[in-house]
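Data first, discussion second: the structure below is written as structure tokens.
First chain written, first letter: the chains are A, B and C, and each begins at residue 1.
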Amino acid sequence: MPLDNAESSTRKYKVVGTRPNRPDGVDKVTGRARFGADAVAPGQLVGLILRSPHAHAKIKSIDASKALKLAGVKAVVTKDDLPDKTDGDAGLYDVLVNVMAREKALYQGHAVAAVAATSAAIAKAALKLINVDYEILPHVTDVDEAMKPNAPLLYPKMITDGVDPKPKKPSNIVRRYEFGHGDVEAGFRQADIVIERSFKTEATHQGYIEPHACLANVGPDGQGELWVCTQGHFMVRDTCARLLGMDFSKLRVTASEIGGGFGGKTTVFIEPVALALSRKANRPVKVVMSREEVFKATGPTSSSSIDVKIGATKDGRIVAGDATLRYQGGAFAGSPVEFGAMTAFAQYDLDNVRAIGFDVVCNRPKQAAYRAPGAPMANFAVESVIEELAHKVGMEPIDFRIKNAAREGTHSSYGPIYGPIGLLPTLQKAREHPHFKAPLGKNQGRGMACGFWFNFGGQSCVSMNIGVDGTVSVTVGSPDIGGSRASMGLMTAEELGIPYEKVRTVIADTGTLGYNDVTDGSRTTFATGMACILAARDAIKKLCARAAQIWGIPEDAVTWENGHAKPAGANAGNHPPMSLKEIAAQAPSTGGPIAGHHEYSADGAGVSFATHICDSEVDPETGFTKILRYTVLQDAGKAVHPSYVEGQFQGGAVQGIGWALNEEYIYGKDGRLQNAGFLDYRIPVCSDLPMIDTVILEIPNPGHPYGVRGVGETSIVPPLAAVANSVSAAVGVRMTETPISPPKLLAALEKQSAMKKAAE
Amino acid sequence: MSSVHVSTTINGDPTDYVCDADETLLDVLRNRLGLTGAKEGCSTGDCGACSVTIDGRLTCSCLVLGAEVDGAKIGTIEGMANGEKLHPLQKKFIEHAALQCGICTPGFLIAAKSLLDHNPKPTETEVRFALAGNLCRCTGYDKIVRAVMDTAAELRRA
Amino acid sequence: MRYERPTTLQAASQLLAKEKGSAYVLAGGTDLLVRLRTGLIEPDLIVDIKRIASTRTVAKTATGFKIGAAVTGAELGENAALKKAWPGVVEAANLIGSKQVQGRATMTGNLCNASPAADSVPALVAAGAKVVIAGPKGKRTILVEQVPVSPGKTSLKKGEIIEAILLPKRPPRSGDAYLRFIPRTEMDIAVVGVGVSLTLDAKGLVKDARVSLGAVAPTVLLVPEAAKAIIGTKLDAKAMDALAAAASAACRPIDDKRGTKDYRIKVAGVLAKRAAKIALDRAGGKV
């Protein structure tokens, strides 16, 4: 992949960087767009899932005989209908168990059986008739409790990986990770000031407004179709096919429009069950989750418990940073603690740094990715301590960060050496921003934080077909979760030199294109976008070849400029340029349809840094926090469609604000979730927020022809600390737990007030 | 379960249907009438994705029985445009990039139209409180509010 | 499940009285449908009262206001006379849920749902509101605070249905206010709710007062001690502190997913002071 710095920084773009209307806009504002629950098939059945009411229980038997006798019930499915075909793939086996419990129910809400019936009422009645014999086991839902020596064990044989010597006794600790370099003990000895703090964050949910939904249709010949809202329909196809023992090519998955994902739809929950029901009933089966099921039985992110210790010299140089992170990933291995450990100190240039992570299981639903998985919690802890340390050293927090910021050439805390990165520019821009100097009143405070997220490359496949009328159809395999269709169109139009309106981007089903990795990891504009650019360049080669053929000159005598094939020089002949449209019109007689392709695994993804500034006001008599002003400054490399880049900045920031102030999973002593709905799982509402100001910086990523960096995830990383730091500045209490809900904040204020009185 | 025969008007069209007594209006719209623009986000009236108007009143259709609207006039997202002519709110939402995934968009448009029909000159705060019953997880609401205020200004100029 | 839509109060009452299974009244439906969808209730009969004309109107009478049981929050908010006389009651009703919920929800439904945290109830109690109940044996009138008995239960007997809420006539130099604490700015159930209604004498001292608390006990509380704390005063700092202390002392709250005991006790006092101040301003008084 050509790494062309010069190209991206000096190029003048015609359409990239503009703000045209997105191609799917009209469908979405008129209600025409079809989401997961909007499809219907003739003869379709309603599928419902029976879920464990217990946080931890042995499943001794399941008797569905009464349910099967109910008129209108066409199939009942249990683990017996999903035999283990995972062939030693531990990760896939976990998916299988999560999708349908086997020997044990591992969390309240764990699927234990499913029914397909001719109506919702009959399916509901059938669920009630399924008799499950549970033997209730002791449960644990808190990460620190789960790590204690006498905690109830989810897996009696689990021995912690990554620890030497290997532990003799089993525990709920799956694995230990360690990242870093240098010698933190030596580093701390050099420090004049050391701050050590412990933090806890409660689990949060991605909170997409669209519950999971799918429509499965498997025929007696074993061929199947699946309509599903997902971030990765190729992943769905491969996973479901493996679990059901189907050839991949026999299962055709179509991605519907998706009503939000944020990582929560990068795996499967109901899809294998819907397919199994359809296969057994020999009819289409539609499964739509309720909101309660979404909270109880999809993939929230981890709750965490984090210790951070940072030391600095009195002139403000950080000499050591050490963090221990404990994350629970629900009842299965794979919490994002590894990413947490990798990103915790990623924004600093440190000689001595260490981050240790523990992946822990407990009786909660299996976690799934949530926008920069693992990073927001780690950032909350580190950036809170950084702010405190800055004050102790006597420096402005922003100057302290500038002094220690990672830059090109820094040995990152997670290993690689950074190439050109945008952290310092965001910090410097923040310092000059009017928000930074705006006056503050009583009980108001300003906080800031810096954050980071990697971007992933991954597999993308693009097919670009040029119609005889000169319009272009771009076929991609990346579901559009944030407006990427517009960006694909812009990049294609830019390369081909034709108007944006002449390009239409379509997301194809799995039968139509090669494998595409999930739309996650902030990868789509980068990897699928780059594939569009390369497919366009492939198409251009072919267009030039056709022009050469028409002109009777060698292929290498033709170049492409401004949407036209031109002779490369005077020697090539006096041929007037031919437009794409003109060449396309002659395609049938010059060799047939003209298309460009690109399929690859993308390399060269950049990283995206951000600085956030938050002003808040606290009501000291109630602990209510109001966000007054919020600014996001983030490096996008190259903003292909600035409105949608801003949208990512704003959306992620608001999710982070919700996480900081009010969102949490609330468990009772019985291990059951108490707030499985939008009433008591409190995401920000419109009146909670001010405008979210955005500044896009562009420090090009050398790994992309336009310099693109993926931006979707970084913006959720700094808000937890930015909000906590602003609250601290407003009323002088340091909140070390999220959410910073009013009862907690008021209690902290009263404690502080009592301590002050005692001191007087 | 008893059935109820309902005669109503939806987006100006006389519409008859038979529904179960316990079916919501949202169920009827989506499953019986093919009007899938209203979405089910929560079924408890907390997200606004199912917003419609009943006799001009903004409502969550998940909180209304299909049986209750006999004789009423229902307005859904499918009736917001005038043939191929989009309502100014719809145009402004697209222009301002006030949608990302789009699932909440029909609900917001119905709610925003209801606001502007009653209050042609809302302040930013009034817009925010009027739309508090519509949840969006993608946009952080910023561009939605801008689109509504811009539409209000344009409608006042017209 | 059956759905009936009677056109008279008598017919509604008879349907409810005759029903052998479980029967529920449907006005706005914003609580009822949630309970129906989540499977908390499985009604045999739903009686929709919205065709009964007397339940749909707000009437100004010689003795005050008569607010029909099916009048929505949105309609209350559009009634200028009611807003002028009882701004606290109207603002409380308008805090229930979102604009969408406001388009359907009723104060009577809010009252009969008997949630300890209902928003309109403390304001109604502070206002001295009553309810007119129609039943098989005729009509009777009781105070609003006599309706909820425990969370989810009312004192209404089988076959009884509330026809209207009565608000007394507003004496001169009076004001009322309702405040609640919620963790966001909208869309939450009240963690604490306070309704204050007061009347001033010619000198600007509080002559009469009623202070009511919500979400701090199994049912709404009327707190005479809190009223006593401000009667005869101009709501000076000492009176305010006494008011807050009395309000806090009356609380019998629980710890739950919305707030802790201590938090509710503390904030009840804070909101009592703030609500009293607003009521005083509306009454034309000065601190």
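Basically, a contact is a pair of C-beta atoms (placed from the backbone, for glycine too) under 8 Å apart; a residue touches a chain by one contact, two chains touch by 3 or more.
Keep in mind the model is a prediction, meaning the values are calculated, not measured.
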item	value
Chains most often in contact, by C-beta pairs	A-B
Furthest chain, CA centroid comparison against chain A	C
Where chain B and chain C are represented by their mean Cα positions, the distance between them in whole Å	29
Geometric centre distance via CA averages, chain C-chain A, whole Å	44
Junction residues of chain C, two or more chains touched	38, 185-187
Junction residues of chain A - those touching two or more other chains	679, 684-685, 687
Residues of chain B touching at least two other chains	1, 20, 43-44, 46, 129, 131-134
Residues of chain C that touch chain B when the two form their complex	1-3, 5, 26, 28-30, 33-34, 36-38, 46, 48, 50, 72, 74, 97-101, 103-104, 185-187
Of all residues in chain A, those that touch chain C in their complex	292, 621-624, 661-662, 666, 674-675, 679-680, 682, 684-685, 687-688, 741-743, 746-747, 750
Interfacial residue positions of chain C with respect to chain A in the complex	38, 181, 183-189, 191, 257-260, 262-263, 266-267, 270
Chain B - residues contacting chain A, complex	1, 20, 30, 35-44, 46-47, 49, 76-78, 80-81, 86, 90, 93-97, 99-106, 109, 124-125, 127-129, 131-146
Residue ranges of chain B touching chain C (in the complex, touch as defined)	1-2, 4, 20-22, 24, 43-46, 48, 51, 54, 57-60, 62-65, 67-68, 70, 111, 114-115, 129-134
